[in-house]
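Labels A, B, C, D, E, F, G, H, I, J, K and L are assigned to the chains in the order they are written; within every chain, residues are numbered from 1.
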């Protein structure tokens, strides 16, 4: 975190396999519209249950990206 | 909350009548620019006082909308 | 809150109309199986959005009821 | 919130009807002794249950009023 | 989270392998006595250490299940 | 906290003498219906005042007990 | 907590002996100027150390008293 | 923080220059009516923006003062 | 905070000199793309250390701006 | 808390008798290796249950000690 | 957590693969200088992003180890 | 925050002038015994009042330093 101005976006990603999978889904999808994403922080970890098993994990993130100087 | 990536926006709505009115004002205004809003969570409830009475309620929300797959 | 032992249950109620309606739905439904409910505390207020409008409110409560002495 | 010094009072109001009613009861009663109240913030929402129904709502507020310059 | 009343149970599961394993152990064991579990939220992640290594993970969850209408 | 699944109950105990007395009242009463209680965590400490003195202490606990394997 | 408006005062009491002693010191001293105190809630428990021993406990409270109707 | 009973007041001060200026404005104004103020704790730091610049800082404090023995 | 709908952006600014400098850097940079910014709230204050000295301060803000009516 | 630099250590003490006993056990043990301990703050109060009774209390503390100038 | 005094250390570990890997890196490295580590608790989960992908996970832990009696 | 293991120390610094001065006092003093300090996070900002003015600021920090690989 060097000497920049960052903007933060909040995202929720999901995955049937793992918490890391849900994080990567959110980061990967957001990367299509936001350049220069640098770090994230997990805000909340949730999930859904079907038939007595975890059907998917959902992770809420705050992710920071640099605003280029203009 | 199915298997999607959500983006979250934070909003403050206000109403002279009620807390629900302030929530609906925020959701309704944001719906003009954001499609596919799905859920919200109340972060803070405040208000203003004039002449010893509540003049309006203000509610801060986090609202999630789906990012379509591309 | 007199000199008793209380047990606490956590509940989520919902209503299309209002936050109070969601609280009352949870208290009313729980009252079918739990006697002696005495107080509640709001833990979280959320809701769902459909077509750019609030479709229903959801309120998470902690509600306390007395355990009778045996 | 302009360029003033505010003092904050914490209050609990109650109402048989609604959360807004409990807020207004607290603001109205405090207005009898405190002039210049300007804003409030909800700290906690609770209530009592009798006979399986909500008997009244209780809302704890922090309310700010201006200290006049002397 | 549709228009239902949910009851919430708090659980701690554990696993020698992973955080996801601890979540699944709790959900699976609770599913033997609670029907209709729908979602969970991670409250706390802990673990034990033996011989300088993680011996098992422990995850505290809040899990919600629907109360059927009667 | 070994390799088990725990369920958590939330309780409020009270005592005219002390905080420890309020904790013990809650644990002792709950022990009549729940076997295998193992640990507790204090969530909140409150009390009542009568005639300018503390009339009783009230302590809210989260207590964990093991679910036997079936 | 019946159907009243309460005002809340925040206090810190101290005692060389115990946490309960610190609470009682605060409640007792405040009772000299505030009538109708009804309940308290512990906000923070601290203390001082001298010569490797606890020299006194300090407890911060929020205490509620009824505002009489006028 | 020696062996006294303290009462706590909550204040908001503001300054066009700095966070420290806002703290000092609140402490200085409150000192006109409260004797024996001893310490403070910052609860929240906010501010206003005009024309894309910070127009003033606002800091919410909890400040403790000793109640003299009577 | 009058009767408007606000949207909130989260930002991180940095400065080699001071916390106020970091806040102003974030507000100033964001003001290039967001009109009508009105207030901010400090969420977190961090910094970097080089050679045993603070090399720069980093402040995370939530800043609110009005959405014009359409 | 005068004009010093403090370092903080986090400790957990336990006692079969009381919360104060657990605090004193932690302070007393730490005093064997840390000089100049000045204050503490309770972070968490927990305990163990055996045979339906509290077997011991455990209290987590943050304790501050002065770093002498060199 | 038996009848001991524990000291707590706070650590940040990192891993390119997983959250569990970051926890194990911190526990393993700390085990080189601290004997008798017994448990940990996750305080924060963060990570870095490079080229639109997670480059590594970082997990902040509080880990407790027993102080032997002397 | 690259791919390292960090240890965290908690510190309180103080200054008669400013919050930044208190942070720098803590970082500077700790730098005499801890090498490789990299970042800090403000946990709490407090201060003392004498004669109705701020006599000094006190800031509690969590500061991270790298543990070298062995």
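Methods note: contacts are C-beta pairs under 8 Å (C-beta built on N, C-alpha and C of every residue); 3 or more make two chains touch, one makes a residue touch a chain.
No experiment lies behind these values; they were computed from the predicted model shown.
Comparing each option in A-K, H-I or G-H with C-F by residue number, the pair that reproduces over half of the contacts is G-H.
Matching the C-alpha atoms of chain C with those of chain H calls for a turn of 120 degrees, to the nearest 5.
Separating the CA-averaged centres of chain A and chain J is a span of 38 Å.
Chain K has its Cα centroid 30 Å from the Cα centroid of chain F. Among the residues of chain J, those touching two or more other chains are numbered 1, 10, 18-19, 39, 46, 48. Chain J contributes residues 18-20, 23-24, 27-28, 31, 37-42, 63 to its touches with chain G in the complex. The touching residues of chain B, when paired with chain A in their complex, are 1-8, 10, 62, 64, 67, 70. Chain C meets chain B in the complex at residues 18-19, 44-49, 52-54, 57.
Remark: chain G residues 9-14, 16, 25-26, 29-30, 32, 46, 48, 56, 58, 60 touch chain H in the complex.
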